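Some structures to go through are shown next.
Two complexes follow with chain A in common, the first pairing it with chain B and the second with chain C.
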Partner chain A sequence: MSATVFDERRNQIHRKGDTPFDLACDKDSLAGAVSQRACVFCGSRVVLYPIADALHLVHGPIGCAAYTWDIRGALSSGPELHRLSFSTDLRERDIIFGGEDKLYRALIELIDRHAPQAAFVYSTCIVGIIGDDLEGVSRRVEKEKGIPVIPVQSEGFKGNKRAGYHAACRAMFRLTGSGGTSAISAKSINILGDFNLAGELWIIRRYYERMGIEVVANVTGDGRVADLQRAHGAALNVVQCSGSTMDLAKMMQAEYGTPFLRVSYFGVEDMAESLYTVARFFEDLDPEIVSRTRELVKEELESLYPELEKYRSALAGKKAAIYVGGAFKAFSLIKAFRLVGMDVVLVGSQTGTKEDYQELYEITDRGTVIVDDTNPLELSSFLQDRHVDVFVGGVKERPIAYKLGVGFCDHNHERKTVLAGFQGMLNFAKEVHSSVMSPVWRFVPRHTTNSTPGSEEPASVPERLTAAGGA
Partner chain B sequence: MGKPAKSYVSTTNACKLCKPLGACLAFKGIEGAVPYLHGSQGCATYMRRYIISHFREPMDIASSSLGEKHAIYGGGPNLKLGLKNVITKYDCRLVGIATTCLTETIGDDTPMYLNEFRREFKDLLDSHDSPELVSVSTPSYSGTHMEGFHEALRAVVDQISRSGPRHSRITIMPGFVSPADTRYLKEIIGDFGMSATIFPDISTSLDGVAAVVYEKLASGGVPLSEIREMGASPASLEFGRTLDKAHTAAGLLENDYHIPCYSLGTPVGLRETDRFFETLSSLSHSPIPEKHEMERGRLIDAYVDAHKYSFGVRAVVYGEEDLVVGLTSFLAEIGVKVVLCASGGESGRLKEAVGSVTTDLLSEPPIVVEGVDFHEIAEIAERLHPDILIGNSKGYHLARRWGVPFVRVGFPIHDRFGGQRILHLGYRGAQSLLDGIVNAVIETRQEASDIGYTYY
Partner chain C sequence: MLLRHTPKEITDRKILTINPAKTCQPIGAMYAALGIHNCLPHSHGSQGCCAYHRSTLTRHYKEPVMAATSSFTEGASVFGGQANLVQAIDNIFTIYEPDVIAVHTTCLSETIGDDIPQIARKAEADGKIPPGKYVIHVNTPSYVGTHVTGFAGMTKAMVDYFAESAGKKINQINIIPGYVEPSDMEEIRRIAEVMGVRTVLFPDTSGVLNRPQTGKYDMFPPGGVTVEALKSTGNSQATIALGQLASGPAARALDSKCKVPCEILDLPIGLKATDRFVDTLRRTAGTDVPDTINIERGRLLDIITDMHQYFYGKKVALAGDPDQLIALTEFLVSIDMWPIHIVSGTVDKDFQARIKEITQYVPHPVNVGIPGDLFLLHQWIKNEPVDLLVGNTYMKYISRDEDIPLVRFGFPVLDRIGHGYFPTVGYRGGMRLLEKILDVLLDRQDRDAKEESFELVM
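And then the complex of A and B:
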């Protein structure tokens, strides 16, 4: 393995085919290693962020709120309260004397100004240390203002982003169970784990509606407090993503007996399989639903495939690297790259679990490098060693790729292009194509310098495990 | 008028960033430096993302990644482990350690930990060419990113600079300006036949070239040798009328090493630039180079050509205090009627500084407010019917709401391309700002006209 790997992290990196697979993960980030991870607060903030008619008040110094202002492209069809950045902007005197009074007054002020349907109060590192009673203040304001006021236990240092997801789910769970459910259809679902980036949730929602399914709550893309309050009336929770909302599904199963299914809306295969999975769930109630779904998928693919073919011919054989927050997205991306004939030579995630990595191991080709919680030094050395043509990641990975003259596709929460659904597959191919095929790479040192470092090809051509194929 | 006490308890859409972010930016202007946040992982990641979205450059900020047990038992062990890893893997010349609200509040004594580290890891430090470890206290609850920026510079000078035989290299501390501004300053200094340390120097480290091998440490930045020798510099120039020398690097050099400190306004526009050039001229005992006299002449020529477009245009200017002062000085020169100067910073000196550069030009002084957020800026500005908004990207929503042109300057520029190459300083910067502002005004008039005039 490359020299830029930290010794302490050797067991968090694996090259498929080298040795038996046993990747260490779910560890605290190594101090000093410039992890690409964020914190507990970040995890909570991203999950709850798209709930558009709630007030999101960050109780802490200004940074935590400033860096999450309008941070996600999570669209709303109505109110846009979520796009504002609210903070108690704690100062030295608040740290010394406590911030509870300031929090109380800030909440009252903002609730009076914006009339939100609920308020989420995020705890930050400092609040965890000075010990403000968020529960107490929240209860008091809730009583005075008559809306749910929910503390989110998201002190940054109390774990990693996943702990933040959990705190967000606990907060949302407090909303469920209070709304009326009598009008909800027996064929109904909640969409969990889609954040309506670029309007993706609306596309997914339309698929379900075409299948004859009622969507009760979007969790959390284009989310509404009232929908969450009646979410327990849905027959099924359909959960996307690596776990940002999985805890909510589990809590709802335990409390209300709502079953859940895991799905992914990225890539043709996973998109179609997701719809079929949900259709099969309702087959007893609606025997026609599977054939309707098949019809839907057929229709979508008929228009998609000819378009996709143009890109596939150009992209076949190119090499891709994937580094994303959750491993579940990586599964879908691997399949999506296969569909356009590309090889994935590196795949990793910030917060994957043992099971996630086992699955990654099973679906990747021999020679693929699998990494957990990596950092710029490792990423850059992998990009160089593996002759990557396009790298899929987030904002923090982009300049590393570009600096080395490697193409890039943004698959993170700032994107403005729909990448989910069948349409999303085409956009994804388009975006990869527009980066890989750009003439600019001809001028970068990587291609104009003769001695590219680490230029040895893998000894054997990776064997393809599955053929590129559709649903 | 003047500085009202903050009118709200809550903050909505802050017009400032947190202190450690400024420290990280300052450290990025030192050769071979790695910024290192002593705190939880999120701070570093958020700041990296925020800074990358402006500069479009790799931005490594290390972190001691504190978890719950460290918050209880102290962050020392993780700080040391992180330092060991950074030094081993980055082979850096300096680690710039900025504290965060977490580590300040749990009471970590960072300078003491660093002394322990120097003893405990002496062999490691020796085998890596003895990198410097500099620490600065930057709890986010006291001050903005600009205080963090200046205090980091001061900490570096305090902990590294030494006295010695007087050399001829002056020190320029331009404040937080763009890489393009920094390159231009170097050019000016060279044209005067002088040598200078521009501290910090982000001209290359945050606007670098395409690479074949990933640079663990972006090249560029002020060499440590020059920082050490700042204690023997003939003079230092520090930009920023709202700065208090008791908290700046140049103030420290003056106090500890008796290096004369020339406090100048951030040279934006004609007159503040004149003051800068005059200072250089007197320090170098040479006239202003003809190239720059020509640029100055063209700028005045352009002021005349543009004067009717800009006259009476009502502007709202916001952002870091010293940038606001410079911009307001420039805008007053071209007849723009600045109606509001606003900042999230709270130096207590903004009003006086704006007054000092505008009194003889503006019949009516602008409203000047410190410590405000965008909600308050909007409330005040809406009563003033602005025609144009000038500031960083974060005011876009206001320009959009009001339907007025928006000229982006400063940091961050998150919704346009080339923020790192915006030129603000000097005659050339003023020329570029003038063109941008006048064209924004013309474009708005052209768009608003039913006729579709093709000459303006």
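And then the complex of A and C:
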């Protein structure tokens, strides 16, 4: 077991309390590591794909389109064009002679048939290598068809997922500024960084509407091209999620002077604080808004807390581990686990920044392990050593947890219920409860041979990790 | 209507794939490599490829799927991926300690022209490959072939790298099971065992992607064909390859490399194809067909007899891979169903002719789309509706929109369980397929029956 951690990765793992905190991050993954990370294209695709009335054409070999076909259940209240998979399906011939002509003809055919409001053309690794002029083809089609045709510079090898978020933001930014804004209220916002998984955005939108705020554009859950085009007319950008849409907010601030606020809709504390922050922003225009918001929060909490109590009493003292894409979500998850009385013993992310990890360090308890860009072997040893009861992660992590007899909650693409908002906190507690308390664990060998998990002294972090922290 | 954007009117499309009935080569290579014991598949390209393949396989099997990647950056794509791959080989053998690293390429590493054998030799010269450990490879550019050819390529690589001929034949037969589920591989091996035939089955993902819950996580599970067994394939009496496209290349390579004669059969899906498989096993190994097998066959036949009225004239639309579709179409025709729309994203030169031959007596025109996609299939269905869909999970959109029952079959199945554990090959697999087909057809009949004609006994 002493070999579960690569030497090169030792400074990407830290156990709080041992040594001064200085976590290495934002590094390229080690070649040969079984990394849980994805690519630039993936980042762009997940951010843009919920825009439901746009055409999303993947210019590349079939795999890139196949694996991202309806990838994360982003719901639409109207068009469903985003749930189809369009690909130029590049073949060997195209690699030799170039794929521009194919791309041009594909765009024309699709725009004629589906009449989308805009088209996004995604670049892939191979397109970056053969050098197709996406910009040129897009301009030509845009001129001929009279809709925005926007290239997304998302070649897979040009960084990790975060670079893809940036490419997506640049693409969306090109849409802003072209729509009419005269009818937009002074008390108006854009919701950035929610993708309407399981319908979450609809819940958040209703909170803002109850506060008397107009929502101009959803970026990008249940998104529409026309909304993005008039997004610059909103008084404020409210940004959730660490990396994915922050760049758009920054670009809009520079170009249109639109201020932005960072929020999180996960967990009671953060949800309420987000609404108050936005309310305070509009207080000068609407002195009543804060009290209205307080009323809203009170109403929600009054129905939530008694329900939540049922789960809290069962979950108190259980141990949680968190490994997510962006670190920002981890902040809220830590608070949400605290609210139900659980301890977070491991927290990590694929793409956290220095600032993210510093903040994680500050809000975690002593003894918590903090990790950047981890891999299955490390994860499994943490889950076992720390006697974790529930693991929050993504697709590739779930079966590892289950094989070890550890409960699981998908807080990413595969979430099936709303986890955002006040209602979401209850769903989250219920989901954690359903997994942690499942009778199945009683049959799992790990649990039957040991004493009850959680009742024993917390295992010390293996020596190799403490040594690593000091390196 | 999730697919409301699909028009009924069919226009000629040559440049676009919409809702693909295929995916790219590397995932097939990764799946095949998981069928070697103590092997870590390695994706030589960007991180995304590896992450997507692992995610898709994980969703399909609900099992941990391990694979490493060269993690290409912009630098690697300009200067070549040699440094990344050499470092990866070193890291993998140091930390994860597999017996084999099975490298497959991607469109990126192919186009910049990385030469994998040359890089592997460099790694060896640098002392990065410990004694008794192996690096094997297959070229799988994503712009050539599909997941099926990627699987075929990695399976052939097992022969190219490992098969040895000692000049003396041993009493065993190679079976190449094709691009089928772990449960199918298990069943094929079981049938051979019951018939008393000693076999080497490769690749073999059973015990790798259908593991029991043990409370433990093993990076390298107990299943998979061992390197030793792969080496011995060159001394086997014969090779039986199942599925022309997925298994043919490896079988032929073994024939030319080690003079092991091969027979390439259809996948043993359904009565007739399983008959041919069992008969070939019997002939090749010179054994008799035991009662166990005859009883299984009889039971399958019994189900068909009991329920044949429910199959009669039911129209079916199918999508999947050529090897599966050929056998499945034959099975459906043999029980009096009418497969009328058939689509595969994978090109196979003999496919059209085989399907025409199999369906020649079906009293209905048969559409064959190769290469085709699910958008085309949906348009065909809109023009000529069917009673049943058979295909992967992506067919559920069509199923919902057109209100047609779907039997999930093929890759990927992202929303149901069972395929990892219960086979569809062999006589028992045929019984399971019929159970699934009858379940959805009869549920539909019950659902749609008027109150006065709702029947208890069916």
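One rule holds for everything that comes next: the second predicted complex is superposed on the first by the 446 of 471 C-alpha atoms of A that agree within 3 Å, B and C clash if a C-alpha of one lies under 4 Å from a C-alpha of the other, contacts with A are read in each partner's own complex, and residues count from 1 in each chain.
Rule of thumb we're sticking to: a residue touches a chain if its C-beta (ideal position, glycine included) is under 8 Å from a C-beta of that chain, and two chains touch if they have at least 3 such contacts.
The shown structure was predicted, so the numbers you read here are calculated from the model rather than taken from an experiment.
Undergrad: Report clash or fit for the pair chain B and chain C bound to chain A in the combined superposed model.
TA: On the superposed model, which is not a single observed complex, chain B and chain C clash.
Undergrad: Now for A:179: first (chain B), second (chain C), both, or neither, which partner does it touch?
TA: In the superposition, A:179 contacts neither chain B nor chain C.
Undergrad: Could you say whether A:80 touches chain B, chain C, both of them, or neither, answering first, second, both or neither?
TA: A:80 sits against chain C, while chain B stays out of touch.
Undergrad: State whether A:50 touches chain B only (first), chain C only (second), both chains, or neither.
TA: In the superposition, A:50 contacts neither chain B nor chain C.
Undergrad: May I ask you to decide whether A:407 touches chain B, chain C, both, or neither, giving the answer as first, second, both or neither?
TA: Neither: A:407 stays clear of chain B and chain C.
Undergrad: Could you pull out which residues of chain A sit against chain B in one structure and against chain C in the other?
TA: 4, 6, 28-42, 60-69, 84-92, 94-95, 102, 105-106, 109-110, 125-126, 128-130, 156-160, 376-377, 380, 395-396, 398-400, 402-405, 444-446, 449
Undergrad: Sort out for me which residues of chain A touch chain C in the complex.
TA: For chain A paired with chain C, touching residues are 3-4, 6, 28-42, 60-69, 79-81, 83-92, 94-95, 102, 105-106, 109-110, 113-114, 124-126, 128-130, 156-160, 376-377, 380, 395-396, 398-400, 402-405, 443-447, 449.
Undergrad: So in the complex, which bits of chain A are touching chain B?
TA: Chain A reaches chain B through residues 4, 6, 8, 28-42, 57, 60-69, 84-92, 94-95, 102, 105-107, 109-110, 125-126, 128-130, 156-160, 376-377, 380-381, 383-384, 394-396, 398-400, 402-405, 444-446, 449, 452-453.
Undergrad: Residue numbers of chain B touching chain A in their complex, please.
TA: 8-14, 16-21, 36, 39-50, 52-53, 55-68, 70-71, 78-79, 81-86, 89-90, 100-102, 105-106, 139-142, 144, 208, 210-216, 394
Undergrad: Would you mind writing out the residues of chain C in touch with chain A in their complex?
TA: Within the complex, chain C touches chain A at residues 1-7, 11, 13, 15-20, 22-24, 26-27, 40, 42, 45-56, 58-59, 62-74, 76-77, 84-85, 87-92, 94-97, 106-108, 111-112, 141-144, 146, 211, 213-217, 219, 345, 375, 394, 397.
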